[in-house]
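The following pair of complexes shares a single chain, chain A, combined with chain B in the former and chain C in the latter.
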Partner chain A sequence: MNDRSRDIGEFVPQPDDDMIVCRCEEITKGEIRRAVHDGMFTLTEIRRYLRTGMGLCQGQTCTKLVKAIVSRELGVRPNELEPATGRAPMRPIEMKILAKDKEDA
Partner chain B sequence: MNSDVLIIGSGIIGCAAAYNLAKKGVKVTVIEASSNIGNGGSVRNGGGVRQSGRDPRELPLVMYAIKNIWPNLSEMLDTNVEYHQQGNLRLGSTERHKQILDGLTERAVKCGLDVRMIDGKEAREINPYLSDAVTCASWCPTDGHANPLTATMGYYKMARRLGAHFISDEKIVELRKHKGAVRQAVAASGNVYEADRIILAAGFESRAIANTVGIDVPMQPVLLETLVTEAVPPMFWQMLGTADADFYGHQTDHGSFVFGLNSGLEPYAKPGKPVSSSIAASAACRGIMHYFPSLEGIKVVRTWAGWMDSCADHVPVISKVDECPGLILACGFTGHGFGISPAVGLVLSQLACDEETAVDLSALRYDRFAAK
Partner chain C sequence: MKRYDMIIVGAGPAGLSAAIEAAKRGMKVVVYDENAKPGGQLFKQIHKFFGSKEHKAKIRGFHIGEELLAEANSLGVEVVLNAIVIGLFPEKEVTVKIDDHVEHVKGDTVLIATGASENMVTFPGWTLPGVIGAGAAQTMMNLHGTLPGKRVLMLGSGNVGLVVSFQLMQAGCEVVALADAAPRVGGYGVHAAKVARCGVPFYLSHTIVKADGDEYVTGVTIGEVDKNWQVIPGTEKHFDVDTICLAVGLSPMSKLADMAGCAMEDNPAKAGFVPTVDKYGETSISGIYAAGDVSGIEEASSAMIEGRIAGIAAAAKLGFISEEECEAEVAKQETALDGLRQGMFAPGMRGKMITETEEGVEISQNLLKKGFVADEEIERFPGVTHNTGVHPVIECTQNIPCNPCQDACPKHCIKIGSNITALPAIDPEQKCTGCGMCVASCSGQAIFLVNEDCGDGTAEITLPYEFLPLPEKGAKGTALSRSGEAVCEAEVVNVRSAKAFDHTHLLTMKVPKEYAMKARFFKEAAKS
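Take a look at the complex of A and B:
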């Protein structure tokens, strides 16, 4: 069980909170840290709440960085955080291409 | 662990009920089986906040929510839920489509809803991106859409701030009665949670839990599938649907388009973890391009799937249970629970506190399923 009311300490501002971590969606380190203090304890919740890793690169750049920030904030090891799910398509694909899954389409 | 009210399931229904209860000062605990808050249909749906096309039995809930809650929800939750109230266009291109839309419109007008049939020309005046294939549409100007992810997480965040206690990774497997009333929920871990009232809002999995106290709600998991595109400059803000229901969706604040898909095979999806099928996104792209040719070059970046709790008569059970004092059912939302969720959270808090509900729920009772 994961108790969402457990004490993880106060949010303490840091000098590099304005640093952009997810470049596609322009999400900063400070936004991610604040989200953890608002109860977003998993990488999946962070992305649902903030859109980290949900842009064109689908987290290929920022996944590790977000994981490191969230684990530090929670005081757990990064490998204790379950990775968020990757999904199809592998690369962004135009509708007119995706639509042609049949010969006569 | 003891609370006044225990909520099983942290979807938007459970989180909204927790928020309303915590605001009243009620001691509330929410138990979630998965590792993530709001892991079912709440974060996987197309974001419609619509009245048109709804069953008359749940129409009062959504009308209440649109009038009283949705417009202020972002402020209430300190979270941008991206609510837009710019109307719903349900599109058709054939005579058969027109008959379907005429029927839906007629039923909605009888319920007092401002919805009407328009022709292709008027539809294109409302949305200039529509193709000439569109020959008819129903138009409900007070419908809209919102962001299901931020709305769900926003309710969670605010309920938690107000003191609601959330526990995830804890699967409830059994309810137990004490002196005739449902008082305990037992987890697979062996932990036992006690409360005066237990709200069961665990999606399709509510059925097995309710069965442990002899109550059954006839519902099945049915797949829902969704895609999201890259962000493009704002084009239009209406919620879209079609007479065939082959796709529905809208453009978001972010600029991306979110489209719900429908291949027709959803009730027969493989059980277990919900996964996107290989055919639905492609089929939906063909449908979308038929009505919106200018979207053909826009890139799909992600697809996902989830289970909805499809009830036998396609409307939810929101009800106390005569045989089980203390138990309140909130399940069977059948894929259209998001738009009504703010009102459902409110009425659940009222049911749990034995207050009169803001909306009459008598058509949504648990004992309405009778043999023919």
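Take a look at the complex of A and C:
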């Protein structure tokens, strides 16, 4: 899966490349497809490279969509892709609240 | 650090059911939910549920939520709302945002019952205001009393798409069409039929080509897809709508299990990335459980049972009950769960093409393609019989786990038997009194009382009616067929409402007798 020497072919533009996929961070389908050709083969890499799924909804809307686009580009099944890591905080949270950690509330 | 015997994340059907079982056995339980109201999706469900009496069949979803909440409260379960769990760490330490701070809480057991989120599909214009999830539509209508729009196109013919389409009409929206890229209706036929007879056209093998509008949705174009899901040029159809509702499946919200380090699998049969669990709902980490949609998409009834199992198992884990007691109680719940996972829509049947019922009756293809059973197909089902005088006609044509109609009939006219998925059959020896209990008890609104020949050239049809304003006795209008087409003039001769009917009104209309087996809905003439 992560074999970067694998030939996935040239980037071929598609008519709906300018369609927004990640609404929160306004990332388009074309940007995601290009990122794969730039060598981002995992969802974690795509996320760090483009910030897909890093916005307000935390990928609730676009995770599955991004996965489908990346897997199609790589020619693999979506469930073969390793999911991006889940980590705290699970939900967007204000920094001032995150910092107000009550050990013994 | 605060400590609980069980920390439950999510106050939906699974979470509350687990809390009840755990608290019943003496455990100190807290349930956190990020929403302002508990109950998860249950409080949006205004329709009657399927199943058997033990599965709370024919009770409306929000009433089930109220019952669960009352029971949890009476057992001393602490339900904390607006409490957002932001992390689950080793040693079962939970961080939760409450008000303006983050609390650390430790659980000897933890249940993840976070449910699912709605899937989206992309098409040009999908980010326009007016494109919403079906769940969002339900939240607006049923929790906040706000109409999502006036004219709606629904994408998705699964139970969510069908149920929400009906609710949109109940709320006063016009549903202009129901489209699905799949070639067959995905949800229960009875749900489809009640939408179709209101006049909603079904477009199977159709997907959205684009949404129109600059600032918000003003229209939608759908088109027929070929075997490779590509739109066939020339098949496009346009509708003026202000809302596009998407009901294209759910994905488990399992990130919390993932971050806790539970073994996960990406399993299409469970509709996504889920923690692997054993028969007690326990994940690969001892003492961390998962129940409900988060461990595989099903529906509320099975979520409740999975929750109960996890609650019982957690009690055994901490020594509140013996292993033997746990096994016995879990076995009971498993039997109930097996009962729910039967029939044509069971989890194991996904994607399979079914051509006949368990009884060997050929399935209505028209139902699968257009949402209603054709006139020439309906006669072959065991619930559809002819008799003199008033008698029930049960247009239940698929094997689903549901049997309230059998218990509803005081005369025992309706037979399902011990196999809960069997199609209801009529016992012609028993005399129907026309009480209508069966009509109101059918969660699928598939039972009609018909007097095929009143002796004066007319027939009377009693149908379940859940719209407002309620037509009055003497109201004139049009009788609609199963497909929602106007077939003849009709007059309302009776409207019955009773507490036992639970807001399903029984409307009796008089039609020319040749329409006794065709007319299935009433549309009141516009008042001048």
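Convention: the second predicted complex is superposed on the first by the 100 of 105 C-alpha atoms of A that agree within 3 Å, B and C clash if a C-alpha of one lies under 4 Å from a C-alpha of the other, contacts with A are read in each partner's own complex, and residues count from 1 in each chain.
Following the convention adopted for this analysis, contacts are C-beta pairs under 8 Å (C-beta built on N, C-alpha and C of every residue); 3 or more make two chains touch, one makes a residue touch a chain.
Quantities reported herein were computed from a predicted structural model and do not represent experimental measurements.
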{"item": "Combined model on chain A: chain C and chain B, fit or clash", "value": "fit"}
{"item": "Touching partner for A:Y49 - first (chain B), second (chain C), both, neither", "value": "first"}
{"item": "Chain B versus chain C as contact partner of A:R87, first or second or both or neither", "value": "both"}
{"item": "Touched partner set for A:Q14, first chain B, second chain C, both or neither", "value": "neither"}
{"item": "Touched partner set for A:L98, first chain B, second chain C, both or neither", "value": "both"}
{"item": "Overlay on chain A, chain C to chain B nearest C-alpha distance, Å", "value": "7"}
{"item": "Set of chain A residues, in rising order, touched by both chain B and chain C", "value": "87-89, 93, 96, 98, 100-102, 105"}
{"item": "Sites on chain B touched by chain A in the complex", "value": "35-39, 43, 149-150, 152-153, 156-157, 160-161, 165-170, 187, 189, 191, 228-231, 254, 276, 278-279, 281-282, 285-286, 288-289, 295-304"}
{"item": "Chain C partner contacts - residues on chain A that touch it in the complex", "value": "16, 19-21, 23, 29, 60-65, 78-79, 83, 85-91, 93, 96-98, 100-105"}
{"item": "For the chain A and chain B complex, residues of the former touching the latter", "value": "1-5, 38-42, 44-45, 48-49, 51, 54-56, 58, 82, 87-89, 92-96, 98-102, 105"}
{"item": "Of chain C, residues touching chain A in the complex", "value": "1-2, 34, 84-89, 95, 97-98, 100-104, 117, 119-120, 122-124, 126-127, 251, 253-259, 264, 266-268, 272-273"}
